[in-house]
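What follows is a set of structures to go through.
The two complexes that follow have chain A in common; it is paired with chain B in the first and with chain C in the second.
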Partner chain A sequence: MGAATETFYEVIRRQGITRRSFIKFCSLTATSLGLGPIGTSQIAQALETKPRVPVIWMHGLECTCCSESFIRSAHPLVKDAILSMISLDYDDTIMAAAGHQAEAILQETRQKYKGQYILAVEGNPPLNEDGMFCIDGGRPFVEKLKEMADDSMAVIAWGACASWGCVQAAKPNPTQATPIDKVIKNKPIIKVPGCPPIAEVMTGVVTFVTTFGRLPELDRQGRPKMFYSQRIHDKCYRRPHFDAGQFVEEWDDDAARKGFCLYKMGCKGPTTYNACSTVRWNGGVSFPIQSGHGCIGCSEDGFWDQGPFYERLTNINQFGVEANADKIGATAAGVVGAAIAAHAAVTTVRNLSRRKEVPNGNGGSNGKSNGTTNGTSA
Partner chain B sequence: MTTEIARVQGALDSAGERARSLQTVYVYEAPVRLWHWVNALLIVALCVTGYFIGSPLPSVQGEASASFQMGYIRFVHFAAGQTLIVFFLLRVYWAFVGNKYSRQIFWLPLANKTWWWGMLYEFKWYAFLVKDPKKYIGHNPLAHVAMFSFMVFLVLMMVSGMALYSEGQGIDSWQYRLFGFMFSLFTSQTLHTLHHLGMWAIVVFVVVHIYAAVREDILSRQSMISSIVSGERLFRDDLPD
Partner chain C sequence: MTRRVTVGPFNRVEGDLEVRLDIDDGVVSSAEVTAPLYRGFEQILRGRPAMDALTLAPRICGICSVSQSLAAVAALRAVDGLRAADNGVLAANLAHAAENVADHLTHFYLFFMPDFARDVYSGRPWHGDVAARFKAVQGSAAQAMLPARARLLQIMGLLAGKWPHSLAFQPGGTTRAIDLGERVQLLSIIGDVRDFLERSVFADSLDNVLALDSAAALATWRDGRGGDFARFLGVADDLALDRLGRIALPLMSYGAYHGLDAPLFARGVYDPVTAGVAALDPDDISEDVAHAWMRDTALRPAEADTDPDADKPAGYSWCKAPRLAGRPVEVGALARQAVDGNPLVRDLVARSGPNVANRVIARLLETAKVVVAMHDWARRLDLRAPFLDRAARRGAGAGIGLIEAARGSLGHWIELGDDRIRRYQIIAPTTWNFSPRDRDGVAGPLEQALAGTEVGDEGARSVAVQHVVRSFDPCMVCTAH
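Right after this comes the complex of A and B.
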């Protein structure tokens, strides 16, 4: 068990980090969270006085890309500082303990910090066959998840898996992999989607929660507004090319070399809410579009079923064939057009034959129209 | 024998034969006709620009600052869409203050047996099973259903369109507050796809709508095309059925 009474600041200093670096970290964090000028001192104050928040990090069906991303966070700086800020009491992929000792930590944390710890969930539980597709510590992951969630303060859903389901929940979803908000109903859940989420977004969320002791403002889908309120497209540096109508048409064309908009190559930036085009990746070095590849929309719900990745229009598989909206629409319009042509032809033929039957017809198209009366009858 | 005066009353043809009395009913008031034509223009503009938003024109060369092609296409789409909404709201207002025919396309008389019978009859008419169509002052029951469905559909397109527009305006915009609920139902990409499919459904509707109007103008016992301009429905005979 980590030294729960120690403050963040004490841990940070103990690990040889200077006060100067500590204040730098606070400033960077305050800036990345979009806080006002006073934010830096508030963060510093909090880190100096508050005991570290225990975090339990669980892994369901996942690929560990969230963990891989998290440990590469640069701002907040951080490998050791951020891992010291929180008291990461349990994370089965990177913890030293194993077996019964590891499992014992879960129970200990539940009892000792009831209602105080944060449950961070990477991956999701499969519900089919009573959860047998993900066995963790000898029992279905879903049971463990519910149990740990019951006594937590709040739950963080790391990545597309925990937030939406991701690849294991893509059609036909044989294991019935289910996002955690469908399983945990009694706790506030912050969704931090992405496959993986941006490292700085992950540490930013953790910093916010530990600093202010509450959840950040969430949007309609339960994502932190500060990182997920705009689309990639809204802040994309290639946006001027989009507005100008300048598009890459082929991967090796001149427009690709010039860095034109990747819209026609299936870039999902216009429908994807994430901070990639502002925060970027690997310490702000680049992000997919900057590297010449369109966004695949990894932080969006069901992005595996919104393919293809390299076409603007999504395939619709409802009719047993792969077709996009244009193909379906044009086919429907063609069929209706042909049907109308046929209907018009039948109408004409019938009308002509009826005229022959009524030689004195006055050009009216049916028996009743404009019938003239004999003048003498009036 | 009738008098000479009586013989020249009414519309006569070149042989001096008199047509049976023609009835004209004023159905479509000026705001309704104006709305129809505004809709026609806007829907064409929306379909064309919408198609090019989904599948843009060939890439423009040169400086990005020298062109705003996609920007203008999107602007026309957004402007036309919002104009469509404004005119739709005015049309709904007119349904309250206009004549009784102005309300027809906003409700269905589902409890009316005659109406259902008329619908069946219209189906038979289009399936060539009956010789003559019936006369209707407003829309016939089949057209009534078609127009009502189109109104529902138009509302769905307007709501989804405003939701998609709100994405650009930001999640703090009034557009997102009003229409953001669509993103609780669908993801952004799915909503784009549905809105795009909706465009094709409107194209199909337009094709059927124009065919039916022209066909009925030629074959039916009442005017269609000229009514769009004059608002008056002319009946070509006064037979009771």
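Right after this comes the complex of A and C.
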């Protein structure tokens, strides 16, 4: 374990990473965080001069998908550098020590870096039956979680579990799985939702926090704005097909092969805020919509109980990129639902019959439907 | 004098695990395995729209989510009497194989081998080499393996969008029809992974590795060879890992990678004592809850519910005790390869039975075999034909989905009515391997494998216990779900 005064730069140099790679890492990170060219030198300077911020990574009731995502980050150096940062301290899944030895390291780190470390939490505590559904080291996980949070500088909530509850909190929530901000009240918490979150988003957040020793700018739900301010729908490469009223009607139909919009197949892109449509997955190769399946909104609070997942959304504004989550939430679902139904009918009518324009239909189009027919019902 | 120690929490396993050992004169006389984590997926799934199983069930596990998806898909397909499009079968096989190979590599490089880098082995001639290669996080092997693994999982990007928790798998096939360019990418990824296996893991061509047909041939082949497989074989010999974690329970496989004609790996049950293969009847599968924190409902999964009872006095795990015709069985790569008739694995099992060394060997051999098959599947995709068959669903009735995850046999039992889920039961691979005792007091496979382990004065710190536990590659989040 490194001394408290050791810098990140010293740590990675000791691991045999060259200065050239280090600068490349800084520049990539600055880009992914949207910091621009000056960001590179800011990050480099911080990493060279400030003491390394230790990270302790804990697992509660979860499926380990966040860890799985994390260790596949696209740029090997990013992952290696951050893994070396983290593994110096404590991680349940990948560390070398085991059993009581591991517990001892955890307590030692906690004492040594009191008030300085970042607590990264994957999963959440179940509160039913006095926490009996997740026992860690012979006692309920919730106790260990609170104890470790007490001495931390700040807490990262990895994924939908720690942020919102996720599938184990789905009705009837048998174990009373509870998001961590309901049990940790005395520390700043940064939520990085998604099931799992995108690897590059995770490494970006860890790098920002450990580099600058503070949390990035958060939205009012506690998510980092740099990654969660964009709606999937607005940056989706299939968006032009939505606007043109071209939809997939069945899996792998002709429209699917042409890459039309998946809204009618239940896509939740229009109500989901995440970086999937820009950063993408598995090293930038793809994301769910690109695989021909709609988004299920796995970074949104309560997505697990928003099924059926294969029915279209009825509570969104149909056109325009200006709507935000607040507006969507505030809009009466019934009214907008009618507009969406009409829009769906528009495309069916246009595709099937190519009838001439019927002026002034009842659809809620706002002038962008290019003069096509409006249907009367859906 | 018997003393009782508790080992855990374990790390470098997926999820939480605790093991209690009774130790007599430095030898484990009895073990109890506890799965301390329960979420209640079977309770959550009940009453939901049938197809929502495809988005919720994979979230049982972030390590083997494709396996969970495909078991749900297979169960729904069975209910509806559907057949998947040929391309859909091949694409699902490719994605599933990518996940399984990734799991095998993760297990070997990140979870299993780092234990040999521990100081307790510092007197061994191989220790310096193995520590430099496998020491957790710092070893050189992970630096090579993690990029190879990330490359492999780009297959998920091409075929399934995101991973873990992919969405492209449907009863009729997959939602993603790939084009010519993407097939070239697929073949190139598979080529890169093959290259990694041939350079780093085996230090030989996969063809030569797959031609090994006996323990003697393996011994000749590895003599003087580099690569991590041979490195492990050296350690295994020195530490007699073929005598560690040895049991003689039947080896079971549901059959893996259901191809267009026959599965790549056959279904059946192999008895390591008689060396005979028997057919597998799913009706023989039951789950006993005598020592699980669960209420008694019914023995057969098609009729049972999962209903927790945290105060049950006889309970010591959230894991139920699955039994085949009343007996515990071992599942995993070793079972798959023995059932399928791999001559090398059969020979190894005949010589020393299922044990720590043979479990690891079978996993790596299987990796070689699967990567070769992946190449074939990718070439056989007919890009003009459908990837998904859109026949109408019935949405009522019962069905079973039996598949092989990396860690062994995974089954979903489902009952639908009005296209909603009336009952959902899951038996995961580690549920079989890490089962608690049943009503007759018969211990589960890991409990049996730990009995007889020499721990000396080390007690809970014994590294031998770690080897035995990790040889099964446990996935605790799947175990009790």
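Keep this in mind: the second predicted complex is superposed on the first by the 301 of 378 C-alpha atoms of A that agree within 3 Å, B and C clash if a C-alpha of one lies under 4 Å from a C-alpha of the other, contacts with A are read in each partner's own complex, and residues count from 1 in each chain.
Everything that follows uses one rule, which is that a contact is a pair of C-beta atoms (placed from the backbone, for glycine too) under 8 Å apart; a residue touches a chain by one contact, two chains touch by 3 or more.
Just so it is clear, the model here is predicted, and its values are computed rather than measured.
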item: First, second, both or neither for A:I190, with chain B first and chain C second; value: neither
item: First, second, both or neither for A:G245, with chain B first and chain C second; value: first
item: Chain B versus chain C as contact partner of A:A46, first or second or both or neither; value: neither
item: First, second, both or neither for A:L61, with chain B first and chain C second; value: second
item: Contacts of A:A170 with chain B and chain C, given as first, second, both or neither; value: second
item: First (chain B), second (chain C), both or neither touched by A:S291; value: second
item: Which of chain B and chain C A:R312 touches, first, second, both or neither; value: first
item: In the complex with chain A, residue positions of chain B that touch it; value: 1-2, 6-7, 9, 13, 16-20, 51, 54-61, 64-71, 73, 126, 128, 131-133, 167-168, 170-172, 180-181, 183-184, 187-190, 192-193, 196-197, 199-201, 203-204, 207-208, 211, 215, 218-219, 221, 236-237, 239
item: Of chain A, residues touching chain C in the complex; value: 15, 59, 61-69, 71-74, 76, 79-80, 83-84, 87, 91-103, 126, 129, 132-138, 166-168, 170-175, 177, 195-196, 250-253, 256-257, 276, 280-283, 285-294, 296, 298, 304, 307-310
item: Chain B contact footprint on chain A (complex, rising order); value: 219-221, 225, 229-231, 234, 240-249, 255, 260, 263-264, 268, 270-273, 297, 300-303, 306, 312-314, 316, 324-326, 328-330, 332-333, 336-337, 340, 343-344, 346-347, 350-351, 362, 364-376, 378
item: Interface residues, chain C side, partner chain A - complex; value: 6-16, 18, 36-41, 43-44, 48-49, 51-52, 54-56, 59-63, 65, 85, 110, 114, 117-118, 135-138, 143, 146-147, 149-151, 153-154, 156-168, 170, 172-177, 308, 310, 318, 386-388, 390, 460-461, 466, 477
